[in-house]
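Below you'll find a set of structures to go through.
The same subunit A turns up in both complexes below, where it pairs with subunit B and then with subunit C.
Here is the complex of A and B:
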């Protein structure tokens, strides 16, 4: 996957997370777990392309559907987002 | 259901050989939607065996995992006796379920479990040393895998080593399906009695200790979030789930490698296949093979079938993991396949909490067992090795080996 004309935007729902940790196993560059309760903690909202496959895999595997991945047009990316 | 080409089957059906799931699942998977099966008590349940359908059911909280909800399917009288006991959180629905589960999730975080890896490696290495010193033959279930998994979970809870034999035996009795209902019930009562005494003692000096039970006493029991009795029930779940299942998976994994020498050669030739090999054995064996029973709490449509409120549902993870729509040639043990989307730990909010620990234990065992004992082989003809026929958790009764 190179020079894609879209970006992936990741968000997580900490209320429904059950702490199974599959996202961290998929990629610990994007997902982490809160020290106090093991609930998902997002490290980056717009990971680079090298992580796309792993991020999508994490979203598919998440047992509580706590991970949301949005495909956004690169040119229409909201201003102010790194 | 309309157009169903099958006469109604009784559930459960016998496994093949005994390693593979029942043949019938494959036939059921040829048709969209569930089939109706008849349980031992004469009641019906909807059986789902396709990967997508099983995930759809288990990911939908309108299906309850509480066995006391009217219509919950019954697997056997002995299983009923277990389900009638005071429920641990795995038998609860959201939001109550999450309140208890979250008290434990940090204990099984990937980071925390990875920190346990050196200790697990050291335990395993010592047990293999002892095995080699004693010499062949050996029964790997009793002589290696149960001691390993027991020591790991007991270490986490700080349960004295001299009591491991006791809870191994009670755990074994608790998962029997065809026994008199008093057998699993009394086994569970003995474990609960034991843990009640242990936790009562622990409550006296929990502040000075660093085990998981002491942390729960300090952080949850003392401030009133968890009662003493609720902690006893939780501890039983951790102790049981923590060793019986993982030891069974290890035995079956060894069986798979010894009956598939090409796969063993691949693993030995390329250690980077280890993680994949572990996922594949989890998928291939799906040891908690009768999971997961549910009951609809309202009318729900799944795969074109309307499930009415109060109807029992079985979303069979052992079917899903052998669905060719999700895994090509599913009955082939292939450590090079991408298998990590399997549902061996179930799916949905009840997915196994201890799965990171199970994975690390399996990686430790299969990362070194065949290197430590290169001549490892069955001590009896392969066809004499029998699966556990009537257990809630699939495994091998014994694994006689020599070297």
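Here is the complex of A and C:
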């Protein structure tokens, strides 16, 4: 994923999150858990490309399927960014 | 590890995949492969009795990693291959195909299978069980046209499916041999509330009840008869009567098996070159003085996978988890921290009638578990208390106006 011509947009559903915290293990730059109840807290909605693999992995591994990742075409960067 | 032989993982479920991933993350660069019977990419099972039956349709969302991940991480995936034997003296496994694979270290992540049920031996159409993705697809397809579903077993799986099916307009009847649902995991107070919650969603129950036979017509299930003579009409039956660990490999090569491969705090069997993790491993629960337990949960699987990766690469700390579990039951969120035993006491916090409450479990004055129904903050608190072996006095727990968080901050300060 060195020259993606898409962007990832991340969203979370706090109503179904069970606070397992696997997403934070994947990447604590993008996901955090609320102090009081362990529910997911999103730190960035459009993370840096360097985090894409981890973010996609976190979404796949989330046991309650609380993480949604949308691929959106990044027409502003044809051929990708360095 | 100066050994050209690979680390071999038996299994292609979540435990196996997480162990492989953790080994790479921890810096292991040697050869690594996963071998398992099921075909296809490793997938996550929890949604199979929840979102997959409800709304999810894209199988890629169940895959724990995509095919290119195995390539880029140089992890061999030998799916559709059964390991038939372990030769401990030669450090090798033999596949059913005859192929022999040597190992530097062997991780058994063979998982569990649904317990055999006598009535399933001459299968009727419409009498199903649920463990694999293929099972879930079959159930999903048949749920579409089913009007009457009988579920045998009121454990997590049966109760989750009951909630989903009832929401789809199916008449659901759950038959359970014990006097209440989820007996192994929950206090009587929480069990009773969950029963009421599902009854409100339209689910009916027979407790203290046993199936005597399944009746069929033209090869298709038609009714479920109980030993007391009750006949339940059904066009679909789900048997959700629990699982047993897959441990045949250990029996044949002399590894101790007692409700799972017996491992020590490092998750090693008596053979230091062989470990076991996940649903198939019976490990010493440090919190309970090292009594052997076996857990069936994603959290346990992930924690053990990370632990085994670290210890194979040289760490020496014993596995000391605070187990957590969760379930989705007809729109409610149940979360459990710790592993309480059946006779452990119960203190209710909050009013169950409000639909948000927790049950704190005690053995004498010691907190052993916290069950939370739509109260995630109590769950988080419970995790932290158990992690630090703190036990709030029962009277404080019973009093909602008492701030239990203070207990944590006091001790940290």
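Criterion: the second predicted complex is superposed on the first by the 75 of 82 C-alpha atoms of A that agree within 3 Å, B and C clash if a C-alpha of one lies under 4 Å from a C-alpha of the other, contacts with A are read in each partner's own complex, and residues count from 1 in each chain.
Methods note: a contact is a pair of C-beta atoms (placed from the backbone, for glycine too) under 8 Å apart; a residue touches a chain by one contact, two chains touch by 3 or more.
Bear in mind that the values here come from a model prediction, so they are computed numbers and not experimental data.
After superposition on subunit A, the partners subunit B and subunit C are seen to clash. Once the two complexes are laid over each other on the shared chain, residue contacts for A:18 go to subunit B and to subunit C alike.
Of the two partner chains placed by superposition, A:72 touches none, neither subunit B nor subunit C. When the two complexes are overlaid on their common chain A, residue A:37 makes contact with subunit B and with subunit C alike. In the superposed model, A:28 makes contact with subunit B only, not with subunit C.
With both structures placed on the common chain, the touch criterion links A:61 to subunit B and to subunit C. Put simply, subunit A uses residues 16, 18-20, 25, 36-39, 57, 60-61, 63-65 to touch subunit B in one complex and subunit C in the other. The residues of subunit A lying in touch with subunit B in their complex are 16, 18-21, 24-25, 28, 33-39, 57, 60-61, 63-65. By the touch criterion given at the top, residues 59, 98, 101-102, 105-111, 340-341, 345-349, 351-353, 355-356, 359 of subunit B touch subunit A in their complex. The part of subunit A that touches subunit C in the complex is made up of residues 16, 18-20, 22, 25, 36-39, 57, 59-61, 63-65. On subunit C, the positions that touch subunit A within their shared complex are 44, 46-47, 50-51, 56, 61-65, 69, 298-299, 302, 306, 324, 326, 328, 333, 335, 376-377, 379-380, 383.
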